[in-house]
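Some structures are shown below for you to check.
After this come two complexes, each holding subunit A, first together with subunit B and then together with subunit C.
Presenting the complex of A and B:
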């Protein structure tokens, strides 16, 4: 495959992201924009996680650590150092990438469940550390002075700006995910996923490839974290490193189909949509977690390749479009 | 000098608690050792054990230590059920599948538990007095809980090394394919091992409930403790788990004498990651 045909897989994801951005613009409702923001955030995080999980097969159970760490770094620069939003987001992304680089050198040597456990440990250790770290406000966290928003034309304008930035980050995550998938680097990752020892023999420099996949999957969550807590106005250790959110991301990737570009995107939309419906419904409201659990179990047991993987296997003509 | 007296006060307590946490970790590590599955429904099962004590003691008036037998039987059956429904199909799948399958059980239990018990805290008002030993005072409930934990560990050891099903479990852990060729019914043995693992978790929850208040969400933090202990003692080594529990208990007893107690989890988890990196087989070096 050469030329544009290599990139047909990007078409549907781009259309979906564009539709998400247009939806609140068309309806013009602030509530819709908030929902779309949540969805775009989920898309950005799930697509990023997929770069590591889906392509290289390394299960990161504590991926939210990059979101929290980026959030803290960005928030600190915004509130204590008075940086503008743009460089703060960039710095947050780079900080998360640097953390992934340093961590990756150590923990990516572990395989399978040991790696998964280590990522949980890293998340909990960093959360506990920031709980004690006074410059970041310790257990109380930090609060943004309302005046910060005036630089962007008031709080309402800042919220709109945050929405477009979230859209840009989600788009970036999807595009990066696609280009990793079709690149030589991505092929190396997929070889590692299938059999790491064989991949190394075939000339894939596994430690380097894994580390860069880890870094790539961390940068955007870092920036998303900074953006979310900028919009939120305060940050606390408990909100920044929620372990269950890590697992929700895994569910999203799994639901849509790991190792595909469209899968995590669809999974994020489906999971958030389902959760929103269950939480507000009268019948399921109390046991929404159980219903989600049953659905997750059914998917894991019976459709382990996720929705996109299942469609690709069943409907051959879709293989070109659904990548 | 003040820190020394604080140390004397908190150290024995840490040891006693560590043994009880070690019992829970033993359940986690047994399941990992036999079938290479990290049981992410471990925490909620600990919590169910806690609620078991609560209802048996406060509603039915059963002595908490007699109630342990009921809770153990219930934990065993629940584990076999979880194995049959959620784990059996993914036992040979990549780790992500079994992690998510057991996590979905976690969600189901927590969701139902939240609907039934809400997330408000519960407390079992039970006391065995206290035992003063020189400058140290030991709480009766914690002392008995630690003894029960040791008793269970001993019973598990005897079961694994002195009985036929125990031998089968060790054989399956060692090499499932070879065990099957020798005529061992591996599916039944795997279900039994999972049941034993959840049984230990439920029993340790039942013991913890006699001295700490709890809610349906409490299991999560004990699950994390079990991970730390399991890795300290070597995943897959039930005896190591008890030792890991002791180490964790000692750390929780020693650290607050020198640092703010909020530093305890920082050190615990940093140690956890470090040991995974340098000695993934655990401090003892499991036999695998």
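Presenting the complex of A and C:
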């Protein structure tokens, strides 16, 4: 596979992201824009998690830690240091990447369930630390001064800007996911996923490849966190590090198909759609999280390759398009 | 002749089990060195110690003049060592071509994907896997998986190839084909260290044979001399069938 044919798998994901961006522009409704923002955020987070989970096979159960940490760093720079939004997002992404780099050195030598448990521990530890870290407001968190929005022409314009930035981050996550998948680096990650010992014997420098996969999977969530809490106007530890959101991300990736570019995207949309329905329903409203737990169980038992993997296996002509 | 691999006094223990004791040998370039011995003699452990899966407790391993005693498997791959596994280790979800490309990408030539794809196509044709290039590796049968192991190692274009029982489980026709393949690989200038139980094949292929028993080298020399060595015959008496093969081979 060479030239443009290598990139046919990017086509459908790009169309889906473009449709998500165009939808509120076409309808012109602020409520649609809010829904689209939530979907784009889920797409960005799930596609990022897929770089680690889908390609290298390492299950990060606490991936939301990068979202929360990036959120706090970005928020602090915006509110306490008066940074503009762009460099704050960049700094949040880099801070999350740096955290992943340092964590990776410590916990990526663990395999399977031990790694997954360690990532949960990291999330809870960082939440506890920030609960007691006064510069970040401790348990109360921080609130954005409304004047910050003035720099962007007021709160309404800031919300619109946040939407386009979310779109850019979702797009970036999908594109990065694709380029990792079709690269030599991605082949090394997939070799690690299939058999780490054999991969090392073939010459894949597994510790380095895993660390970079972890870093790549953390940067965009860091920026997404900063963007979300900028838009939200305040940040608190339990909002920044919700463990259940980590599990929801896993459900999205597994539902759509881990290790594919389109899978996490479709999974994010399907899961958010289902969640929207459940939260508003009388019966499921209070137990919607248990539904996602049951869903995860069913996926693992019956379609471990997810929807896209299932389709690729059964409909051969789709293999080129569904990557 | 230049020495490609030098194993010097290598000892490996697993808890109370003495797996290798003071194993010493040199492997000159462009040779086929056969490693034989009864089951549990430590042959695969010796491979694992040479290619960095285990670090030896004592002794040194030199490869291409460098001390690689504490090197990791990926360091050795990058220096030009490749191996096949006794128990096949395919990357099941990847296609046959991707498996072989991985060998080419991460071996010492460090090919990019496009060049690796060319190398993979050439190697797959050579070992007869070309018709299955786009199938998932997990769907191959055992004989095909053995060939995939070999293809992946060859795609790395190594200086030294470690073959761990590539003939096991093959029928006589397949064995004859594989013997030819191994000979061709050597003729291309690749040095080979092979563990093998199929005696007539190892006797026919090897320039030199090492015999390992209970973790110790008990004999070393040209194939015919080793087969006649009383210590070797004795070591194989625990396994009458093998002893018979040894004498007959």
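The rule is short, and it goes like this: the second predicted complex is superposed on the first by the 308 of 323 C-alpha atoms of A that agree within 3 Å, B and C clash if a C-alpha of one lies under 4 Å from a C-alpha of the other, contacts with A are read in each partner's own complex, and residues count from 1 in each chain.
Here is the rule we go by: a contact is a pair of C-beta atoms (placed from the backbone, for glycine too) under 8 Å apart; a residue touches a chain by one contact, two chains touch by 3 or more.
Keep in mind it's a predicted model, so treat the numbers as computed, not measured.
Asker: Going by the contact rule set out at the top, does A:34 touch subunit B (first), subunit C (second), both, or neither?
Answerer: neither
Asker: Considering only touches as defined above, state whether A:195 meets subunit B (first), subunit C (second), both or neither.
Answerer: second
Asker: Applying the document's definition of touch, where does A:120 land relative to subunit B and subunit C: first, second, both, or neither?
Answerer: After superposing on A, A:120 lies in contact with subunit B but is clear of subunit C.
Asker: Let me test your reading of the model: by the given contact rule, A:239 touches which partner, first (subunit B), second (subunit C), both or neither?
Answerer: Neither partner.
Asker: Can A:301 be said to touch subunit B (first), subunit C (second), both, or neither?
Answerer: Only subunit B; A:301 stays clear of subunit C.
Asker: Please work out whether A:107 is in contact with subunit B alone, subunit C alone, both, or neither, and reply first, second, both or neither.
Answerer: first
Asker: Of subunit B and subunit C, which one touches more residues of subunit A?
Answerer: B
Asker: So in the complex, the part of subunit A that touches subunit C is made up of which residues?
Answerer: Counting only subunit A, the residues touching subunit C are 1-2, 182-184, 187-188, 190-191, 193-195, 197-206, 259.
Asker: List the residues on subunit B that touch subunit A in their complex, please.
Answerer: Within the complex, subunit B touches subunit A at residues 32, 36, 38, 85-86, 89-90, 93-97, 99-101, 103-108, 110-112, 114-115, 220, 224, 227-228, 231, 260, 262-263, 265-266, 268-270, 272-273, 276-277, 280.
Asker: Under the definition above, what is the set of subunit A residues touching subunit B in their complex?
Answerer: It comes out as residues 53, 57, 59, 61, 106-107, 109-110, 112-114, 116-118, 120-122, 124-125, 128-129, 131-132, 139, 243, 247, 250-251, 254, 258, 286-294, 296-297, 300-301, 304.
Asker: Which part of subunit C faces subunit A closely enough to touch in the complex?
Answerer: It comes out as residues 51, 53, 72-74, 77-78, 82-83, 85, 89-94, 98, 101-103, 105-108, 112-114, 116-117, 152, 156.
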